[in-house]
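Since the structure comes first, as C-alpha cells, the remarks are kept for the end.
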C-alpha cells in the first residue's frame, strides 16, 4: 500500500489481475454509504404525488406504472453497483469505465420517465456525457503514455502525472456527473421515484469525491 | 507492371474528379477499381491476395451499382 | 524492356478482344441489367453516345462481367497458377450473385481467360502481362471517352444482332 | 524530443478544439449528436496514440462505450421529438438489396463467429443488421434478449473462473470468447429490428 | 452586472453543454503548451514486438500452446497463469498459421492470444464493465422502443 | 523505392478522395469520393500484409455506403 | 514516424474540419463527412499495427452510421 | 464517546440560538432566547409522529438516520484526527441528505428545496479547492499532520488565506438565514424539510446543530491550530457571531446568482492553486 497522508490507512486490497481495488479508510466509508443507498434503491417504494385540483378540496394520487418503476429500480441498483466499483477500483482506466457506466445508468434512470421535458433533459445530459468521454479517455491515455502505467498503486506519490491529464480527468468526471443539474432543471418534480432520482445525485457526488482522491494521490 | 496499374488508377481518380455528372463518374470509378485490384495483386503475390483483390473489386462494384441504382430510382434522370 | 512493352501490348489486345466478344456474346448491350446500368446507359446516350453501348458500359460498371473475370483470372494465374484461375471464377460468380446478375459473362470470362492465359504462358507470356493488359483494355473502353467507346460497342452490337 | 506521440498529441488537441468549438456553436440537437460521434473519434485517437497491446485492449472498451451511448441517445432522441412512429420519407428499392445481403451477411457472420470475442461480435452484428434491414424481419426480441442475457452471465462466470481457479484458464477463455461473441452479436443485431418498419 | 449575466447563462440548461465545451477547449489550449514536455513511456506494459515474418504478424508474442510466454503485466504475481492464454492457439488457428502468413489478425482474434490475455485475464474487470455498459445502453433503447409499442 | 512511390501515390489518391468528399455538395458525389478514399486505403493495408483485414474492410465499406444510401432513396409520394 | 501515420493524422484534421463545418449544412453531408476522420483513425491504427482494433472500429463505425441513418430518416419522415 | 456527541449537539444548537439572537438584535428586534433552539428540539422529540402515507417511506426515515450518522462520524474524525479528505467527503454527502429529505415526501415545496440544493452543488466546489490548497501547502491531509505543521509554522490562516475564505464561504452557505441559503428560502415555505415533523424534525435539528458545531470546529482546527479547548470554543463563538453579522447584513441572493458567486469563488481559488502549483 502506498502510505500517503491523504485518505487514511489501507484496510485490504482485492487483486483482479492488473486491476487491484483497495479499501482505505476513505474508500471503505464511501463504499458503506453506497451499500446503504443500494439497499434503499432496492427495497424502497417511490413516493406518490398528490395533485390538488385548485378551487376545490379534491385531490388525486398520480398512479405509478409498475413497469416503469421496475426499470428505474433496476437501473438505480446498477448505478449503485457502478458507483461502488468506481469508488473501490485501483486503476485509472477502470475508473473511467465505471464513470461512463454511472453516466449511462443515470441517462437510463432519467429517461425512464415518459415526460417530454424529462426526456429532453436526458438527451442533453447524454450528449454532455458522451463528449465527456474525450477528456476521460484522453486523460487515461495521456497517463498511460507518460508514466507507462495505469495503476493507482504504482502512480501514488510519484507525481509523474502531468497537470493536463489531471485536469482532463476532472473535466471528464464533471461531464459524466453533471446529471443532477439537468434533472434539477428539468421538471423532474413531475417524474416519480425519489429513491432512484436520489441515486443519480448520489452517484455523481461520489464520483467527484473519488476523483478528488485520485487526483490528489497520483 | 504495378506502375501501370497505379498510374491508371490515379488517372481514373483524376477523371472522376474532373467529370461533372454523377452517373458518368461511375465508369471512371470502374477503371480505378481495375487499377487498384491489379495493384493489390502486384504488391503482395500470394494466393490469399487473390481473395483480397476479388473482395475489393466486388465490394466497390457493389458500391458503384448501389449508387447508380439509387440515382436512377431517385431522380429518374 | 521493349520486349516487355510488346508483351503488354499484345496482352492488351488479346484481353480486349476476349472480354468484348464474351460480353457481346452474352448480350450485355441488349439492355441495362439493373436500374443503375440502365441509367448510366441513358446518361451516356444523352451525351451523344450510343444507347446499346452505354448499356453495356453500365453493366460493366454495375457487376463483375467478362472483363472483371479476365482480370481476376489473370490475378489468380499470377499468384497460384491454373487453380488460381478457377478460384477466381468462383469468386467472380459470388460477386455476380451479390450484384444481382446471372453471372454467365463473368464466370465464363474467368474460365476462358484462364485457359487463354495458360496457353499464352506456354509461349513466353507472363500472367502479370495480362493483368496490366486487362487494366489497359478496360481503360480504352471506360476511361477515355464515353461517347466514342459506346459508339464502338454499339457498332459491334448491331453487327452481332 | 519530438516524436510520433507528440505530433499525434498536437493533432489531437487541434482536432478536439475544432470539434468542440463547432459543438459549441451548434444548436440543432441531431447535429450535436453527430458531432458527439466525431468527439468519440478523438478519444479513440488519443488512446491509439499509445501504440502498445494495452492501448489496443483499451480501444475496444472505448468503442463499446461509443456505440452503447449512441444506441441509447438515438432512441431517446426519437422519443423526445415524438417522431418514433414516422414513416421514412424515402424508400430505397434497388436490386442489390435483394441479392447482396444473404451472401455478404453470411460471410460476415461466419467470419465473426470465427473471430469470437468483441471484434467478432461487432462484425457478425453488422452482418445481421445488414441482413435484417434489407430483408425485413420477424420480431424475436424476447428470445434474443434472453440468449444474450445468459451469454452475459456466462462471461461473468468465465471472469470468476480466471480469478479464482487460474489453472482453468483454457475453459474460461473459451467461455469468455463465445459468450461475448453471442452477447454482442445479439445486442447489435437487435438494433436492426428496431427500425420500426412500415410492415409492422 | 456580470454575475447576473453569468447566472442567466447557467440557468438555461441547454447552455450547460456549451459551457462544458468551453471548459474543455480552455483546458486543451492551456495543455498544448505542456505537450512537448511530456515524455513517452507508454511501452512499459505490454509492448509490441513486431516480427514481419511470423504468420501471426502483428501479434506474435512467442510461446507454444499450453506453455507460457513472457508478458509484461503490471502485477505478474496476481496472475499465476500469465502468458498461457497468449501462447495458446486453437488447432484451427494453428492450421491457418501453417497455411498462410497473412492472417495474423484472424488467428489472434480467435480464442487465445495477447489481446484475449489482456481483455479476459489481466484486465478482466474492464471487460465486465464494458459488457455491462453495452447491456445498459441496449436496455435503455429497448425500454423506450418497447414502451412506445405498448402505448 | 517502389514501396515509397506506391505509398506516395496512394497518399495522393487518399487526399484527392478526401478533399473531393469534403468539397462536393451532392451526396452521391460524396459517396463516390469515399470510394476513391477507400481505393487508396485498402492497398495500404495490403502493403502491410494484413490481407484478412483488407478483405473484411473492403466488404464493410460498401455496406456503410448502402446504409447511407437508405437515406437517398426515392421519395414517397 | 511512418508515412501512414502522417497520412492518417492529416486525414483526421481534414475530416474534423469538414465535419465541423460541412458545406451544405444538412445531416447527410455531415454523416458522410464523418467517414473521413474515421478513415484517418483507421490509418493511424494501421501505422501502430493495431489491426484488431481497426477491424472492430470499422464494424462499429458502420453500425453507428446505421443508427444515425435510422434517426435521420425518421426525422425527415411523415407521421 | 456518546457524551462528546451530546455535548457537541447542544453546543451547536446553542450556537443556532445565538445566531438568531444576534441577527434579531442587529435588525432591532428582541429575538428569541438563545436556548430557544434547544427547547425546540426537545419539544419536537416528545411529539407524536408518523410517516406520511404518500411519502417514499424508506428514504423518508433513512435520510434522517444518515444525516445523524454523517455528522457523528465527522465529529469522530475530528476527535481522532483522521483525514481531512474524509471530512470533506462527509460534508459533500450532506448534500444527499438535503436532496433526499426534499424528495422523500411528495410535497412540491420540499422538492423545490431539494432541487435548489442540487443546483447549488457548486457550493461544495470551494471546499474541494481549499482541500487541494491545504494539501499543496502542508503535504498531508491528516488532521494530526496539519496540527503539527501549524505548531511549527504558525496558523494556516495566513499562508492559506484563500482556502480559509473558501471554507468560510462554505460555512456561510450552510448557515440559516444566510445569503446563500436558497434551499430554505421563505418562498418555498421552509425548504427541503417542510414535510418532516415530530421526532424526525427533532432528530434533524439535533443533527444540524452537530453540523454547525463540526464545521466551525473544523475551521478553527484547520486554520488556527491547536490552541486548547477554552480558546477553541471562544474562537468558534467569535466565528459564529461574524457569520451572524454577515447574514444579517446581506440579502438572500437569487438561486442562480448564488450558484454563480460560488462558482466564481471556486474558479479564483483554482487559478490560485494552479499558480502555486506551476510557479511555486
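Here the chain labels run A, B, C, D, E, F, G and H in written order, and each chain numbers its own residues starting at 1.
Going forward, a residue touches a chain if its C-beta (ideal position, glycine included) is under 8 Å from a C-beta of that chain, and two chains touch if they have at least 3 such contacts.
This one's a predicted model, so the numbers in the text were calculated from it and none came from an experiment.
Centroid distances from chain G, each centroid being the mean of CA atoms, peak for H. The interface with the greater number of C-beta contacts, when B-C is set against E-G, is B-C.
Chain centres here are Cα means. That of chain A falls 21 Å from that of chain E. Note: centroid distance chain C to chain F, computed from Cα atoms, is 23 Å. In terms of their C-alpha centroids, the spacing between chain C and chain D amounts to 39 Å. Residues of chain D found to touch two or more other chains are 3, 5, 9, 16, 20-21, 23, 32-33, 35, 42, 44, 49-51, 54-56, 58, 60-61, 65-72, 74, 76-79, 84-85, 87-90, 92-96, 100, 104, 111, 115, 118-119, 123, 126, 133, 162-163, 191, 194, 196. For chain E, the set of residues that touch two or more other chains comprises 11, 17, 21, 24, 31, 35, 38-40, 42-43, 45, 48, 58-59, 79, 100-106, 109, 115, 121, 123-126, 129-130, 133, 136-137, 140, 144, 147. Taken pair by pair, the chains that touch are A-D, A-E, A-H, B-C, B-D, B-E, B-F, C-D, D-E, D-F, D-G, E-F, E-G, E-H, F-G. Looking at the complex, you find that chain H touches chain E at residues 254-257, 259-261, 263-264.
Taken together, the chain E residues at the contact with chain F in this complex read 52, 57-58, 100-106.
Chain contact summary for the complex, chain D toward chain A: residues 5, 9, 12, 16, 20, 23, 29, 32-33, 35-36, 39-40, 42-44, 46-47, 49-50, 54-55, 58, 61-62, 65-66, 68-70, 72-73, 76-77, 79-80, 82, 162-163.
Those residues of chain B that touch chain F in the shared complex are 2-3, 6, 9-10, 13-14, 16-17, 22, 25-26, 29, 32-33, 36, 39-40, 43-44, 46, 48-49, 51-52, 55-56, 59-60, 62-64, 66-67, 70-71, 73-74.
By the touch criterion stated above, chain E contacts chain H in their complex at residues 3-4, 6-8, 10-11.
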